[in-house]
Structures are given as structure tokens and as C-alpha cells.
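Note that chain A is present in both complexes that follow, paired respectively with chain B and with chain C.
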Partner chain A sequence: MSEDLMSPKTRALLTIEDLRTYFHTGDGVVKAVDGVDLEVSAGKTLCVVGESGCGKSMMARSVLGLIEPPGRVESGAIWWQPDLEREHVDLAALDPRGERLRRVRGAEIGMVFQEPIAALSPMYTIGAQLVETIRLHSDLTADEAKDRAIAELARVGIPQPHKRFDAYSFQLSGGMCQRVMIAIALCCDPALLIADEPTTALDVTTQARILDLLGELQEQTGMAIMFITHDMGVVAQVADEVAVMYLGTVVERARVDDIFASPAHPYTEALLESIPSLDDRRKSRLTAIAGMVPHPGDRPEGCGFHTRCRAAMPGLCDVETPDRHQLEPDRLAVCHLYAPAATDRDPLATEHEPVETVPPERPGPVVPRTTAGSGDTDVPGPAEEISAVDGAVGPLLTVSDLRVHFRVKHGLLRRTAWEVKAVAGVDLEIRPGETLGLVGESGCGKSTLGRAIVRALEPTAGAIWYRDSGSEPVDLSTLRGRQLLPYQGKIRMIFQDPFGSLNPRKTLLQIIGEPLRRLPNGVRSDSSVPDRVAEMLRTVGLRPEYMSRYPHAFSGGERQRINIARALITQPRLVIADEAVSALDVSIRAQILNLLSELQADMDLTYLFISHDLSVVRHVCDRVAVMHLGNIVEQAETDRLFDAPRHPYTTALLSAVPVPDPRRRGGEGRIRLDGELPDPSDPPSGCVFHTRCPYLREERCTSDVPVLVSGPDDHRVACHHAGDLDLTRLSGEESPGRIATARDIRLVPSKEM
Partner chain B sequence: MWRYVLRRIAYMVPTVFAISVVSFVIIQLPPGDYLTQLASRLRERGEPADQAYLDALSARYGLDEPVPVQYLTWMKGILFHGDFGMSFEWNQPVSALLADTLPFTIALTLGTLLFTWIVAFPIGIYSAVRPYSPGDYLATTIGFIGLAIPNFLLALVLVYLSRLWFGGSFVGVFSSEYAHAPWSVGRFIDLLSHLWIPVIVLGTAGTAGLIRILRANLLDELRRPYVVAGRARGMGERRLLIRYPLRVALNPFVSTIGWVLPMLVSGEVVVGTVLALPTTGPLMLGALRSQDMYLAGSIILVVSVLTVIGTLLSDLVLAWLDPRVRHQYR
Partner chain C sequence: MTQPHPARHSASQWRLVWWRFRRHRLAMAGAVVLAVAYLVALFAEFVAPYSTEYQQVGYGGAPPQVLKVVDTSPDGWDWGLYVNGYTDHVDQETLEITYEVDHEQRVPVRFFAEGESYKLFGLFETDRHLIGPADPEGPPVFFLGATANGYDLFSRIVHGARVSLTIGLVGVAASFVIGVVLGGISGYVGGWVDTVIQRLIEFFMSIPTLPLWLGLAAAVPTDWGPMQRYFTITVILSAIAWTDLARVVRGRFMALREEDFVTATALDGVGPPRLIFGHMLPSFTSHLIASTTLAIPAMILAETALSFLGLGLRAPAVSWGTLLEEAQNFATLQAAPWLLLPGAAVVVVVLSFNFVGDGLRDAADPYKS
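Entry: the complex of A and B
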């Protein structure tokens, strides 16, 4: 980076003062942004974090005047000064449809959005959209603009930019589209890039490469970035400064190291605690933030956070709006904990324990960390784990050589033109009472495998042996129609999308009770179904009175509880959770994960936990299987897999996970996969991973297909060279200088955090 | 792209074949045929039918053959000689009757389509860009009225009103002085002065439907992330609207070519009868009544083929406009 970083005080590029953006709806005024003060310094990265519904995106859109009716910027100022020769402009005072603001958009401030494919028009090639932006803000001719566009595509790391210039957005992957969006945002060399959750919709591996790219581009151009995210891991990787938002206001602002070392605001602290990290000890209970973000329409009195705050002081926090407290020159918190006179103002406060006021020079942990049922009771201890693993109990489900091929029909006669081998011969055992994780990038076939096991999909070949305690194994893959009914109650599924997976026209009673009626000797009498549904609702933490309501009345987290209730009402043995928490906010995710682990102990459940989120998998799973392009490439006990991975793909996945610790950012220990997941309809020869493998060798990799070989401690790996590969080495021969320590790759627990 | 065109044309062949079989079979479904109708009519007039004459007719038109043979004879004539058979009732070749009515029917249909587009396009855009504005409510109200009023009623009202305001008769295609005159400027203007009533009558429902569809589509598209993204990179509102969401929202306009044709043909039967238009609609109605099978079958066949061609055209234009369609069916 430039000298900017060295200078003690950098110039403010963007200064937001008391910004308020309100939506005037039929139900009243919704204060989406309610008094935000922020500063983005030239050349620096400011991360804005908070749960969804906290007004982060609305704040960012207000900067560019992109708020749509019935919303509008009510008051406040947005001072913008791209370079010192120019005078300050108040963007909030400009006409949102006017010429002046249009020149700022795209030319001075670029913006990148969450869903890259949807943010590009499908009707024009990406090249046309890029050229259009370039010509909008410069006097280049069409040919010059095209040359520039191709150069921009090359700069954001798109291979074969000449060819890709004529591609449409729907022909590219999400990661490629996000690169195009970045190219469009940066083609006019803006001084500031606003990135609104740019990696949330992407895979971990893709996310890692996009974050790298943004870092490199920032180094080249010296631009500032306002990076909006809900992922504390990403914050730790990219931020210089952090602003934590809650209910439309900034509750804490600090440098990234301070935020992670000693969060000042209880909300920041709670956010940090609810992330499962790769370092976490397995199966410990996550500290969830109680409740959820209230709708901005009914903002609580006083401090907006007091309803969920562990340190809330009754009589003060629920009455008075807290002031801003400057704790250090570049550190600020909006919380009554830091009001020196807090106790004087409120007579009631004397009855409380004296609040720990933090001296400005060394803010410590604000709130004594309560061990809110920290979970030792309902977690199987080591002894129980061994009993599940030692093989005395046979597997509950054995998948052997399972294949699911999708036939793509083509031409006049609908002949099978090619086959997509979504699952290409998988062997898997699921033991009773365990949680088996299934991880991999999107498109690797993990969801297809899960759906084939519940027989929502017809397997092409292979067997699925299900064995309940004391009964003979049954091969589910041979059963048809009514024969499957008894097992459909035993193996249930929880889906990813909490909004799409519930029929909006049915009540909870109908939704949750429905599987009961489908059972062969199921409960058909109407009297007992409501009782069981009520019981189930109570089990998943919802009130039985909700039974007659429709799904639209519930939030994402509550809907996922409904999904869980529907899955568990038949008292299944095996539950397949397909990305069950991926669509949820951090704090809600922690609540659902805790619920799942409680239910596992209470109802003696076995989980197949499908996820692309490795930190969650590490947290909840006993064993993990890693899938790549329809094959299992590695399978081991969770700690073993995370601490000593033996397949290069596993190490690459692990190193792509952003570590929520700003001290451990930077290049060390990272492996970046080249290229995208290969086309499953035309897989590479030999080891299907060889096109992306940093350890590719001449012998065997391109010719022989590796098989899953069992090693010591039931650690299975499908790699020809697993025995003699030193996975602690970095990306092969090119960079011998950058050798990572075992600590970097294993991401050993750091207790000091 | 060319492979796509060729394949779509290849798909048309079995479709048209199926249509021709079905239309022929449907015509044969009612008991009896043209000759029994003729015999009963003659009996009513008190002239007992000469059995030999009927037999001769039957042999001449091949009515004593089994149905498949009749069909094959009919199709052979169409394919190899352009001969659609004879109309019993008019005692003329069907092709001559079609030549009289079909061009006007096609002209009327195209005129109506054009009218529908020209009216629906700006109103639909206005309604979507300014939703819930007074203008939007006005367009919506008029649109619903247009959808709800039956065609024949609208036709009668318009004929009555035009008589009241402009005087003269607007029924039929030409005023009496031009009815048999050769083509001239005056005759053309006279034609236009008559044509506007059927065009409005036939087009109103389609226009109202299209406004609703365009408004809904455009409203959906305006909320898409790529619109916000376009605005965020500094595009002006008008240019943004025309280049991005409008192009996607155009798809229903193109699709109308396919679905408006059959709708016009069916609506045109009633309107054509009410307004006494020389179109295929009234002709077909009469043919169906008297079981004039070759005439009715030919009209159904021709109209169906035109509809299939219209659908093909709209699909091709759609593929040309929308890269998603183009690249899906490479």
C-alpha cells in the first residue's frame, strides 16, 4: 500500500454525518438508517458489520442515492471529496436522478453487489455492459473502450478475456460474474469501492480468491473500500477499520485489531462469540445472541439493543438513548456502560452492581462472559464418542458405490447426449448417534447424494443399506413406491431455504402434521395429530399456539425451526440436514445449531450434515467426508481431518476459510485452487482433481483413478501420493520461500483469543 | 441459430399433420354428411331427391369411400395441385372462396396486432414506471372495461355511435359506391374508414391484456438487482429503462404474435358476422352449419397453419431478442 498507511492520520474520503434514511410505508415510518456517522479514509478498508436488517445495505445505497420510493434520505450529510483539489460535495443534497450524482456513480464511487449473476443483465454480453460503463464516463471510442474492457477483464483475473468479452452472465459461474462486476465497478478508477456482501453468495474457495483479488486491486490503485458483510471471519481478513451497525445506527467503531482483541460494545462481543471458528473445540455449545433483530418499525425504547443485551441495565438502557463515547482517538462506542455519570442520572442504578467502567487506554472485556448453559451436559463425552466409533455398533446406513447420473437429452429424438455424473460411486457409512459432515464446493454432488439417500432422487446404481437396531438391513435403493413408506418416516430431511421449503398456503399444523398422515400405520385420527404437533413445536422452541398460523408470519430462523419440527415429527433415526443453517444470520445460526445438538441428545438422532461452511462442520460433526466432483476424496474423524488433512483438496478448502483473527491474515498458509470446478459432464481423466491440484505429478495423476484407501485411525483418502505428500508445503515448487508452518495449515486452537 | 430455425420448422410438420387429421375427423363427427343435409332440404321443399343424382354426387366427391381414403384424396389434392376440394354449398372450388376472404382476414389480423402493440406499449410502460399514479389507475380501469365487454357488444355500440356522430353506415368493408369499383385512392380511404371499427373491436381485449402483462413484467424487472447495478454505475434513468428492463419485458409482445392469431380468428367469427365483414369467420360458420366439409376443413386447416407459422415467427424473434433463449437451444 502507499504512504497513506504510514501517515498517522489519513484523509477522510467520505464522511457521513447523522444520516437518516426512512421508508414511509402504509404501516408507518420504518427508520432503516437512523443516525449513522462514519468516515472512510483514503486507501483504507472500512468493514460495516451487523446482522441482516441492521441497515447496512440501506446506508451504503444512500451514499449513491440509490434508495427507491417509498424510501428517502431524510436528513444528514454525506461529504465526498475524491481528491484534495476538489471541494467537498454533499451527496445527500444532490438530486438522486440528477447529472452530478450520476457522474459520481461509477466514475468516482464503484459498487459491487451480493448476487453477481443477478446484478448483470442477461440480455447483453458482459463485454457490452463493461464497454457501456467505460463510455459513459469517458470519451473513448467504441474500439478503444473495447480494448480497455478486455484489459479490465484481464486485470480482475478472468482467463481468456477476449473470449469472455462476448459471454453472457448466465454462461459464467458466480465467481466469474463477481469478477466482472468488480471490473465494471473499477473500470473508471474510482476512489472508493462499495462492496455490499460481495462474497456471501459464493463458495469458500471462490470467496477467498475474490477477497485476494480485492486486496491486490486495492494495493495497485490505492482505492478505499467500504466492505459490508455479516461474516466476522471476512472482517478479520480485509478490514482496517470496523463499524458495527445495529438497528440503523453505528454502535461501535474501532480499528480491526481492537474490535477482535477487546470489543467494547456488548453487541460486538456477542457477534464475535456466535461465530463457530475452525479453532473451536468440537461440539461445544455456541453462545447465541438471544432473540433476533427487531423490525426497524418497532424499535425498542432507549438503547435499541437492550432487549438482547446481557449487560442491559433496567431503568437506564430501556429508557434513555445512549450517547456516543470516545474511548480512544479512533475508537467509539454507543453504550451506557461507558457513561461516567450513568449511575448519577438514574437513581435505580444504585441498586445494581457497579458497572465496570473501562479506562480509555485499555478497554477490556465489557461483560463477564456468562457460561449460558455452556453445554457440557448435553454433549457426548469422549467415552460415548468412542463407543460410536469403535465399530461395536454396526452402521445405521451404508451407502455402497452409489451413483446418480443425470441424463441430458438432446436433439430431435431426445437421445441421451451426455451424462452428468453428479454422484460417481460413493461409499459412506453413517453410524448410529453420530453427526457425519459432508463438505465440498457447490456443484460437487453433496446435495444430490443427500437426496438420493432419502430417495427423493432415483439412484442410477449402487446400494443404500439401512439397518435399524435389531432388524435386518434393507437396501433402500431397490424399494419402490409404497415399500418406501415405512422408511420415509425414519430418514428425514431439513432443507436449506427457510422461505421456499414451506408451503405458504398451509398452517403449521398442516405442514408439521402432514408427514404423520403419510406413515403406513400412521396417526390418522385428527385428535392426536394436534397434540403431537404442539409437543413438537414446544420441542423446537416455538409456542404451540402458533399451530394455526401460516409460514409468512415467521422469520427465517423460526421457519427453520418449523422445518426441523416437520423433519422430527415422525421420530426419525437419521436426519439429513442439507445446508440447514447456511441461509441464516450468525446469531440465528448459532441458535439453530444449539437446538440441533440438543435434539440429537434428546431424541437419539443421527445426522448427515451437508454444508459448505467448514467452521460449522468442525463445530457440529463427529466425522467428516470431503466430496469433490461426485467422489469422496477424504474421510476422517473431524479433529483428524481438520488438524492433519491428507488430501490436497481438503487443505485447499481449509485454507480458504477466513479466520476470525486479524493477526492471522496475509498470505501465509494459504492455498488457492486454480480454476473452477471441472464440468461434471466431462470430468478430467485420472484423478478428477488433477486439473486444480498444486501437487500434480507426472505419474498416475492424469491416468489412474485413485480409490479411497483406508489409513490408520480410519482416515480414508483418495490420492495416489497421499503417503508421501507434505501438505504443509505451499503451492508447490514456485514459491519455496513461502513455507507455511503446520500451525498455519492446521489452524491450531489459539486459546489466547 | 440456423440449426434452431431448421429444427423448429421440422417440428412444424408433425404438428400441421396432426391438425389436418383432427380437423378432418371433427368435421366428420356429426351424423350424416352434406348429401343427407341436401336430401332433407329437398324433401322439405317437396321435391323427393333423385337417388341416382345423390349417388352420382356421392361418387363424384368420393363420399362413399371410407374416411381415411377421403382424407388422403383431399390431402393429395392440396399438396400436389393446390386444390382444396369443392364447396358443396357454393358450388365453387374452396380455393376460390379462400382467395376472396383470406387476404382481408390476414390484413385485418395484422392491423389489429399493430393497433394492439401501438396502444399497449406506451401505456404499459407508463403504468409500470409510475405505478399507482392517477394515470396508471385510469389505464387499469379502461383496460379492465376493455377486457370485460364482449366483442359483439362493443361492435354494436361502435356502429351505433359512429352512425350517430359521423352519419352513414360503417357496416361492411366498402361504401356502396366503392363496393365494386376498381382500386383507387378513394377506395383505399373508404376501406380505412370502415376498418377502424373491427380493428378496435378485435384489438381492445388483446390491448388490455397486453397492458396488464407489460406492466406486471416491467414492474418485476424494475426491481431486479441489475437495474440497481446499472443505476449505481451512473446510467441515466431513460437509457437504463430502455436498455435493460424493457428489453426483458418485451418478450410478451413478441409472444403475442403466437397467441393473438387464434384469439382473433375465434373473436372474428362473431364480430365478422355482426359487422358483415367478408372474412373467413362467417364463411366457416356457414360451412359448419351445412356440413360443407371441404370448405370448413380447409378454413380450419389454413387458420391452424397460419397460427403455427405465427408461433414459429414469435419463437424465432424471441430467440433473436433474448440470448437466454438463443443459447439454450443451440
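Entry: the complex of A and C
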């Protein structure tokens, strides 16, 4: 089989054959990598994509011989041939600590990891670490190596490389550290770069620039890249070929255009459908993949994906392991749908129907599907009715000139050395029943703003007016201690980290029931608490029997449901979702987003949705506010903001979002921001965005602070030149429409199967 | 990541800790040894064949006697516990007494033997001992040999365990309470309170321990009994030993204050006292227990060292340290090397504590694997 794929025009640099990496733990054998076949062609980019727990990283680590005990490469071959003159060598057969493999690592294959700051040693300057790598793999003298290192730093776009050579990793931002990591990986001109989620920990603007950099470097050096990611948008931007992994095996391999145009494997298709895209119509229901990735320790019988597959054929998929089917010369899918038997039986009946609708019975936590959100096509739900009359009702929450300053204390006498203005005068209105999105890069103060509203942080100045229907507005920022209790049940928060936000030492009953017992509008009698908790668990799609379990029994997605249950049990009016879905896998994220929108309709909730993910924000929000360095720079209705942004920063953010469509890759319309977010303790004069703004003008930008000015249709923008800038280059592109599937275009399985 | 297991799901923190601890073999062995040691200390009068006052001057420096089960000395086999008696021989020139095992002489030994009468826990009067010579009027048995003054070493080690194993606990408990309270206040309240407590800790940490011990040993009133003296010194020292723990607790509180689940609980309307004692403290009690377990052997060693130097307990009080004091003289040691056996008891107990502490520390946080 692999010979078929090795023969075509491009030469295979790395060929993995039936690689198996197992971990022998006390609880049994965990098959992290379970029969992977792959190849990376010279000069091309292979994207390996899949949810977490699918064995992507373990596969990459196996290639480099970096598997730690109790894991080991059980069987299979990793053929490596950096150039044609040399014999190909099986990396799997080499001693992981041996000289030969050490030469391959670093000199012939470079690697970049997810956490750039953790990957660099804080004890040495970046220059020293770079020089060390260069001297390990070449005969250069110390001075030559230093010149080379500075040249490398310049090549990866680090400004002032001479100065930065002596910097430590903690003095640099995440994006800069990732550039240094790339410089170290590329300093010996490797033939292959393995990049394991290199941009996942970075902001969307930084991610865009790192992706650009990798593309440029690939063009210069002709190296191949194995790019591991879970983000289909990134795949569309960088890949030549794509391998989709599920439970330790590759389920589909194809060229990037084919994957996006017509995914062959149901898993690929489901992955593509569960990502909200920037072109998405708002509030439509996302097609989530049911359940979650099973633990590799208890892999289902037959096809590993059958428990979550919409096209699963009972009696076949849950019994027999599917074969690999060659659909086209460079296309493979591991699925029973392409077996001659299945196509003979009935080419359409088993295939089309289940793809369109979600089967009624789904394993794992079931999302109650009562009303399908309050989308524009559906019958208006309660939320819709309220927003129709909100003009008369007035905002639920009005934040006016809110400031949160952190004092950085210094020295023995704890004197305030300087102040960090995390939130520097924000005005915001949240209307009842709406979802207001709050977006911006990390460090822009959006989480601080959210935490100040729930009063987990003390605001330095300004007011937070809360007004429930019919009652007088109350300024929450003036309330202390017990006075605040009635409002803590009305305004609740959902946290980002599903692991850190639940006390591992309490049962679900204790966690979810706590606010009921504490807050004045809850029930205080202990007898009714379990009933309320059980009901709430059912509402968020968990079984009430789970009440006596501890959080460690649940996966990330389930824990986020628990978090939602805890937030909603007091029947709040306003819920602040602080990056509530950012830590979740795409398929789980879709489930949680659907749940949130259902609950909004059922419980008449108002959301403040804080996120850095613009495609999710576009999907769920009615209005969006864009934050930059403690200020709101633009605020408008979602469609208006995304289609016709008026602030240069919004435009830059939008153009940095990777579009999950390989046809829309490439240069025009892109804006890349220069430099990083300025230091909030020492913000630039005038417009705080002027240091990064591509439209910077002499007059006013550096001297006057722009204010948020209301424009037509309640479109507010804080830019001196918003009126005469042409920022509409991004909008008006054609949308791709529904994703066609391989079965739509009737791919016939090839004979040589 | 561990494989899902139905029983795990509703297992509480302590159950998870126990499951992890059970897998740590050395720690389990240490726990068993400690359990036995404390049982022995508790029932010292019963376990020891003799009291601490029982003295046989004629047997001064007698070597250990090996407990035998099968008697083959006269022709044929005979079952029953016994030890061989001694024949002593006095060197006419040096007046040195040498003992030789006399294989002819049998001293029968039995369980629940009759002996001196004592009051168990000060309540039940009895004269039964776990093991002892079958005939209370017959020759004595010295399983671990006799001291130069003719005391039974085995009995004295058993009785000494009571003092050595328990006297440290008081000091550790006192420093534990001070450490948790002051460290907790420092970490949770922060601000100038934190500054004051931290400077206080730094002051206490700068006091050298050994000179302080020497000074205090001299300052304690001479009319106090040896136990009273030692107890006082221990408590005073533990008032200084809390600093390490206070720093750990402070650090933990500061880290926990930033945790999302603490913020979330505060938003649930939970007030500070319940937040501290109901949510924050339980998340590191297991660590506290582990560090306390590791602090006990330090106290035991301190007792031993000070008594050895003659600063802690003094005769007639019996502890492992005072027993070792007798082994200071090289000539005595050469004649009776078994006098070092109390040191072996110290080593075994301290190692066991360290293994248990290690095991607890590894198992303490079952949520990070």
C-alpha cells in the first residue's frame, strides 16, 4: 500500500509504516499510537489534525525517539531519507539515546512545541541556547556561531537581533519566544520541521504572523513541515496534505483541497461541521459530534469511531476493523463506507440520511434538544421577544467609566511603584436577553472587566448599574459584603478552565448546591437542595445520579456542564462566560455552545461572552465590543461589525482569523499588526493603538485620546479617522456554502483496494 | 490520566489518597513497623519481661541470649521455648568477667509468663508479661543482653520507646497549630499583616538552635524532674520550629487565592471563614499531614541527640537517648557492643517515619497524576 503513495512525483522524506506506541501503565496497556501510516514529502506541509487524545503528539514524539517510559515504540518503521544520496534509515530501530538519532534530532529534523516560554530555559539567554544548538551540530567557532545565531534571529523576524541575543526568555513575549524556538529548530537547516501545535498558545494576531513566517521560511529553505494542530482553520491556511487522526490511527489522508471540498471520512466531515466559521449565520445550531474521544485504554471494538459516527452501520462498524481504501491516487480513508460490500448494498440509503440529521440516540451526555435556539429561521423564543421591546425596558447592566487599576508594589515599604490600568475607563451596556461579545487579544483587560462586573475584583473607579425588570437601578460597585449577596445570585460567571474552577474535594451536590445554601434568594432548607441540583444536572445534560461523584470523574466538556449548572442554579439574569469554551476541543465546544444557546432561550438569560475566538463570537453574539489595552475601541451589532468594521484594530483581528477554506488562503486583504500589545503600565500617548496601527497619521493619533463615538445604527468606534478609512477590503467575499461530502460527488472506491 | 473506573468516580479525596498510598510498598512497610512500635510503646509493661528497675548486678554485661525452639542438646528432640544459661568466668588478673553460653543449662521461656506485677494503664493490676522466664524464681533472661549495671536491655528499650516515640509528638503538634494559624493569616490577609509575620519568621529562623538548647537546659529550674525539664524544652523549641510550616501554608494560601474555584466559591456567596476552613484548608491538609509526618523523626532524633549529650533526659528516666548514653564509653562498648541496639531502634523508627512521609507526600494530591 505504501508503495502506491511513495511512487508519485514528490519524494517521500519521512515514511511511517504501521507505527505503534504503547504505554504500559498500572491500569493496562494504553495504545497511544495504534498503527499509523504516513508520509511527508520533501518541501511540503503535512497537517496532522484531530481532537486531543488522538495520539498526534505521541506520533511526533515517536519519530524523534522522545517517548518516555512506561511508553515505548512497540512496532513499525519510521523511514527517514533526508537526501537521495543517502540510504534511508529506520529511526524506530535506532537507539533513542544513540549518536545517530541525536544527529537526526536537531540537525536533520527540527522541532517546535506548543508552549514556547516553557520550552526555553529561563537560566540562559536565548542567544546562548541558539549558539549551543549550532555548535552541537556544526564545527563553527564560538564567534562564528554567534554571528550565525544573530543571522538566524534576524531571519525569523526578531527586531534588533543584536540586542535580543542577550535577552532571557521571560523578557520576551510568547510570540517572540516562538520565533526563537523556530530559529533554534531551523539553525541547522533541517530537511523536516515538526511543529506540535506551535500557535495554539498564542493570540490570533500573533498566530497569523507565526504562520506567515513558517510559510516564508519554507519557501526560502525548501524544508518539509509536519504541522500538528486541532484547528481546521490553521489547516486550511498552511497544509498541502492532511492526515486526520482518531484514536491513534490515521482515518483519512488527502490533499488539503479535497479534505475541505469533500471530506471522505465521517470524522473529518464532523470536525469540519463543528467549527463555527466567520461566514456563519448567527445562532444557527452547530453540528456537534456526539460524545467525546474515548480513552485510548478502552478503545471501542471494530472501528474506533463507530460510537460517535452518524453513518455507523450496526453489525459491521462495531465488529470489524475497517480496511484502508484508496479512493484516488493520493487519497485514503479508513472506513467501511468505502468497502465494496457497503457500496454494493446500497450506495445512498445508509449514507445520505444519517448525515443530514442527528440520530435521536446519542451516547454520552445528551444535550436536551427541546427548542433549537432562537435563530433567525426559527420561531422567536422568549429571548427574541424581550430584545424586541428592549428599547423601552433599557439595559440590564450599564457599566460607566469603569476602571480597574492594579498597583504593583515594590520594595521593603510596599510603596506603589506603578499602576497597571487593566481596565481604563470602559462604558458598556448589556441589554436584557442579548448576548454581548467581548473580544480582544490576551492582556487587553477583557477578563478583568468581566471579573469586576461580578465583583470578584474591586473596581478602582466608575459605576456598574444593575437594573432588574421593574426595579430601581443599583450601583453594584458601591456595595460591600452582605449587601452584594442578593446580586451575586443574579449575575453569575462561567470560568474558562474546566479543571481549575471546580474544587476537586467536593461532590457535584456540594459544588452546585453551595450557592443555593448561601445566597439569600436560594432555598435554605437542605431537603430541597438535592432536588434542585438533580433538576439542574438534567438541564445541562448530565445524569442526576452523578450528584454524589467528584469532579475527577468527568471529562473537560462534562466539567464545563457542571460549571454551567453551578452558574445557573440561582436562576440568574446575567451570565458572564469568560472564555467558557476556549479550553475545549472543537466537537465538545460545539456541544457546549449549543447548550448555552438552548439555555438562553429556556431560562431567559443574558450573556456577556468573553472570548478571543472571533468565529465563536460571530456565531453566538448579538452585539460585539472590541477591547484593546483596557479600552473599548469598537462596538456594534455582530453582522455589522464583522462585515463592515470601522476600527483598524478590528480589521486586523478579523483578518488574522484563519479561514477554514484553503481556497481563501493567501495575501490580499490581510493586515498584520506590527509589534506586540503595548505595556499596559506605560500606555502610549494619544490613541493607545497608534504604535501598531497601519493607518497611523500625523495629526491627532499620537496626541489626542479618541473617544467612543456613536455612529449610525448604534455602531460605536473610537478612532479619529474612522470616517475616512477604507477598511472594507475583507467583506463581500463569497461564502463557500454547504460542505459537500465525498459521497455527494460519488467517489467510487478504487479497485486496487 | 488514569483509566476510568466506576468506584473512582464517587471516591472521596481520602479514599484516593489511601489507594495511592497502598501502592507505595516501602511506605506500607514503614506504616506497619510504626504501628507495631506504637503498640509496643502503649503496652510496654506487658511486652517487656521486666520493669526498668529490675536489676541483677551479678549479670552486669551479660551478652544476648538466643531464643531457641527445638532442644537437641540431650539426645533426641524436644519442643519448647528456652534459652541457654551462662557460665561466668572472672579473669583473676584484670577482674574482667567473661560469659560463655552454657549449652547444658536450659532456662525455659514461655508466653504470658508470670513476673513482677504492674498496673496496665494504671488500672488493671496483673503480673503477666508477653514473654519471660517460665519460672519467676529461676535465672533471668536477657534477650538483648544486659547493661553494665545488670539491667535488661530489651525491657529498657521497650520502656524507652514510650518516651522517645511520644515526647516529640507534643512539640510537633504545638508547632503545627502555630504554623497553620500564623501562616494562614499571613497568606490569606496579606498586606502589612503578612509583612509583620514574615519578618517575625525571619527573626526566629535566624536563632541558632543548639546554643539555645544548651542555654535553656541550663536555665530550667534544677528542682524540676527530668521529664518536666525535657517537656518544657521541647515546647519552647517547637515554638521556634513552626516557621517552616508557616511559610509553606502561606505560600499555599497565596496560590489558592488565585485559583478559579476559590473565586467561584466566593461568588457563590461563601464568607471568608467558611472559604478558608471549608474550601482552602482541605485542599492541602494532606500535604500538611505529610510534612508533619516528616517532622516527627526530627524530634525523635533531637531527643536522642540531646539525651546522648546529657542535656535532654537524664537517668533514672529511660529513653533511647539515655540508653545510648551508656554506649559513650569505648571500653564498655568493646565489652558489650549490644549497648548500641537502642540506636538501631532509633534508625528503624526514623526510617519508617520517613518512608511513610514520602508515601504520603506522593499520595497527598491524588488529582495530579
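Keep in mind that, in the parts below, the second predicted complex is superposed on the first by the 668 of 753 C-alpha atoms of A that agree within 3 Å, B and C clash if a C-alpha of one lies under 4 Å from a C-alpha of the other, contacts with A are read in each partner's own complex, and residues count from 1 in each chain.
Here is the rule we go by: a residue touches a chain if its C-beta (ideal position, glycine included) is under 8 Å from a C-beta of that chain, and two chains touch if they have at least 3 such contacts.
Note that the coordinates shown come from a computational prediction; the quantities given were computed from them, not determined experimentally.
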item: Superposed partners chain B and chain C on chain A - clash or fit; value: clash
item: Partner chain(s) touched by A:Phe113 [first = chain B, second = chain C, both, neither]; value: first
item: Touching partner for A:Arg86 - first (chain B), second (chain C), both, neither; value: neither
item: Which superposed partner A:Lys163 touches (first chain B, second chain C, both, neither); value: neither
item: Touched partner set for A:Phe495, first chain B, second chain C, both or neither; value: second
item: Touching partner for A:Arg663 - first (chain B), second (chain C), both, neither; value: neither
item: Touched partner set for A:His24, first chain B, second chain C, both or neither; value: neither
item: Which of chain B and chain C A:Pro515 touches, first, second, both or neither; value: second
item: Partner chain(s) touched by A:Arg566 [first = chain B, second = chain C, both, neither]; value: second
item: Partner chain in contact with A:Asp298 - chain B first, chain C second, else both or neither; value: second
item: Footprint of chain C on chain A - complex, ascending; value: 25-28, 30, 295, 297-298, 414, 451, 454, 456, 485, 488-489, 492-493, 495-497, 500-507, 514-515, 518-520, 546, 548-550, 552-553, 563, 566
item: Complex contact set, residues of chain C against chain A; value: 1-5, 8-13, 16, 23, 192, 195, 259-261, 263-270, 279, 282-283, 366-367
item: Chain B-facing residues of chain A, complex; value: 61, 64, 66, 97, 102-107, 110-111, 113-115, 118-125, 132-133, 136-137, 168, 170-171, 181, 184-185, 412
item: Touching residues (chain side chain B, partner chain A) in the complex; value: 7, 10, 224-226, 228-237, 243-244, 247-248, 322-324, 327
